[in-house]
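Below are structures written as structure tokens.
There are two complexes below, and they share chain A, which is joined by chain B in the first and by chain C in the second.
Right, the complex of A and B next:
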């Protein structure tokens, strides 16, 4: 991306016209999901699910990925599998690939 | 059984000793203790031992005594022919007699008991036989004869008192007592009091004031008249408390109000507007007290006050049009001055009556949400968007700006004490209560908060968090408030993360960086990828940060936000060494000259080197060439440009080697300057999307709410639906009729609901 590589010569050099003193970098994180909305509760996965919003437990509301690569709120999915151990989107058997942290 | 002999004689034996004592009692002559005792004893023995109907004999004998006594009294009273003397004599006799009504029955307790036993009646506590006998006798012989005269005479006296003469209140009270006590109709003992005394009193009251009030009003004007009327009503109430039974008070008040207030309502109310305008709180208080006695009397005052607040509010806004549209502090101040002025008026004039507070609130809602003076354009230029929103008041935006000035390190927040800031923030929340489009305020407030947190320019973090709670309390949508709270949390989490990152790297480059990693849901929903080239140092750092972050969290992806990122550069010139606070874009531009410090670089080359879009590069260059805060600029352009549009591909731009900071006109060797200004949160393109976002969100919220209501009600009329919808949405925004209609149509088209076949104004939920 960069075409400016002069800083490589050493940031200690006093000959530099502009020297970087501090960089306040800002990044935003989001869950690495294919679909932004949780198909179970219809809330964006970046927001806590309705249940957690109501209980004010936004922090603990994470995302879960299945082997099928579909993702949902972990709380929504754990309620779902009690009824039906299949992915609501593709009907494949639900196997957890991982949960967000 | 010799004891019983002569028992039938008991009455004959005893009566001659009893009678003189009874006579003494009637005449209020002194009676010795022995006589009093003996009377009790004698009556007792006659009633019990005279087997030839002793009680009846005593009763008859007593009756004839009383009748005789009353006859004599009647003679005495009737000897007076002139009304006043007659009244006086009557009351004197009555009072004596009435007092005896309490004493004389006492010795006859056994008589009453025997007579009740015989008739198997229960004893009436208030009207013992003897007492009733006394009063009935009085009634028949005297009162029935002269009550008309007494009543008329009494009314004359009351009229004289109203005209200022002093008189003996006992005369009137005595007559009233007669009317109350002397009624032959036992099912309605107050009949004659009501029909004669009370009604005469009431109509004489009306007659008295009918002409007097009108003359007074005509001669003295409304302001004086109100004082007069108020005073007269109080006087009459006081008088009536003396001369009437308690249960007559409501009727009396009603008659007074009728004659003194109701008939002049129009004249009194005509002054209302003028008084409100002149802030005559005392007069208004009088008016309030008078009109509040009339049924529905204050309604016109309420309307008048409400109209006045709206008119005054809008006029003030219009008069200061130029100031308030740009200066949010002045705007809020103006609103609060109005608010406090009218709140004070309501307190002083209308005694904080809830009806008036409601009128004030209604009027304020109007003023605050009025969009004639300044309007906020939420409409997007996009043609595919069919929802055109009507213009809205800029009030929420101005409030958010003012809030920012108080919470950020600004000249204003530095000037004010902590308490002053708190009270001004409270004011903002107060005005916010009246704002109907709260979602707009939240959007601006969040943008300001984002800048403060990213640049670290909050004046006081405790106040920041307090205001979030304040917003929650005034009923801001919980999900939006929660996001604000989340933002503070992210900043704290980022500090910890930064610390860990530095410890894991422990080198100079990591020390340079201060990383904030924020929750996309709380900070910004959409994030665009903005092309910009960074110094290699940083390009290399980014993957390291990402890798470190992955080790801390799973399932997350990072997106660098170069709009919010910023930097501090050290700038060396011939004059000295300066720290520049710059945006990422400015940094990218300035670093171009590190390779060629003295050269002039063409605009075109800069665009290639920085990868910035044309619009962003123009803006960035302009901020470095023409910064209003500085005498000497960082960059210079050849030829000179007077606005960002004048840069051409061949414009040659170079670093100003003579750059320095001036203080009091003198060049400084060192210093620090902020070139960031107001941190740009989005590019122009995404700002438009942002506006669309608000519109879109409103559409979704409206649809959501309609479905929610229908799900609950199954079937609902249009009017009911509208009301419930406003109730649900009012904390976010006030849904426009047009918007609601469009969304209902959309939901019908998409088979979420349908119209009732029999009534097109009723909707039915489709499951």
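Right, the complex of A and C next:
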């Protein structure tokens, strides 16, 4: 990122040792959710869930976010809420915040 | 009137139903086996000399035996075997666990029913089964039943719990009687 400036003009203390000649900005991004693996089928939420993979229905498999900020595959979660309407991670009542791909 | 056409239609309908039923069970079984394969690969790291798993038939990874050998507590020195069956609805439904060693325990009945919160499919307080749990947690739960999860206040074997409350010494004697008769190596 930086190179030592080799134009030396003696050893005085206020001399500029480095000049910045070039820099590259690097940005990282992640989803604004707490987890990226579906805790139910244990596949990444951005990939299709285990059941949709088996059925070859990859395109229809969407992610669902709860108000607790936990995310799962929508199909995995709909199976689970039939039995218990709580987030399996934090046990709070399951309220959908949104769904998406 | 019985006609050939009607007969054929009936046979066709029957065939259709048959092919639909097993197919969906097969599919669920495949999902279950995939989840289990992943879990079993990681299970080894968590087992120790107190907890072991025995897969009798490698083609049926959904049926296995968990062997618990407590090295402390009331049941120290015993070898307790639990049969585990994982249904096609895993991991929405918990595994089914039966104790196949007879023992005197407040939370395990003499006919092998096990009272362990994570094995319950319904619970109001969130201590029951959840798909975030795994076979590893079940094994640890079973081990803990002999150590710190022993609960005399919410018994399945009421007689055992009562005996403990009346006379802990006598309870220990009963535990040992069963242990020497059924749970020795």
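Note that the second predicted complex is superposed on the first by the 67 of 101 C-alpha atoms of A that agree within 3 Å, B and C clash if a C-alpha of one lies under 4 Å from a C-alpha of the other, contacts with A are read in each partner's own complex, and residues count from 1 in each chain.
Following the convention adopted for this analysis, contacts are C-beta pairs under 8 Å (C-beta built on N, C-alpha and C of every residue); 3 or more make two chains touch, one makes a residue touch a chain.
Remember, it's a predicted structure, so these values are computed and weren't measured experimentally.
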| item | value |
| --- | --- |
| Chain B versus chain C as contact partner of A:56, first or second or both or neither | first |
| Partner chain(s) touched by A:83 [first = chain B, second = chain C, both, neither] | second |
| Chain B versus chain C as contact partner of A:39, first or second or both or neither | second |
| Chain B versus chain C as contact partner of A:99, first or second or both or neither | first |
| Chain B versus chain C as contact partner of A:22, first or second or both or neither | first |
| Dominant toucher of chain A (residue count), chain B or chain C | B |
| In the complex, chain B residues that touch chain A | 454, 478-479, 482, 486, 489, 508, 512-521, 523-525, 527, 533-539, 541-542, 545, 549, 553-561, 564-572, 579-580, 587-588, 590-595, 597, 608-609, 611, 655 |
| Footprint of chain B on chain A - complex, ascending | 1-8, 11, 14, 16-32, 44, 46-47, 53, 56, 58-59, 62-63, 65, 98-101 |
| Of chain C, residues touching chain A in the complex | 27, 30-31, 34-35, 38, 91-93, 121-123, 126, 128, 130-132 |
| Of all residues in chain A, those that touch chain C in their complex | 39-42, 50-51, 54-55, 76, 79-80, 83-84, 86, 88-89, 91 |
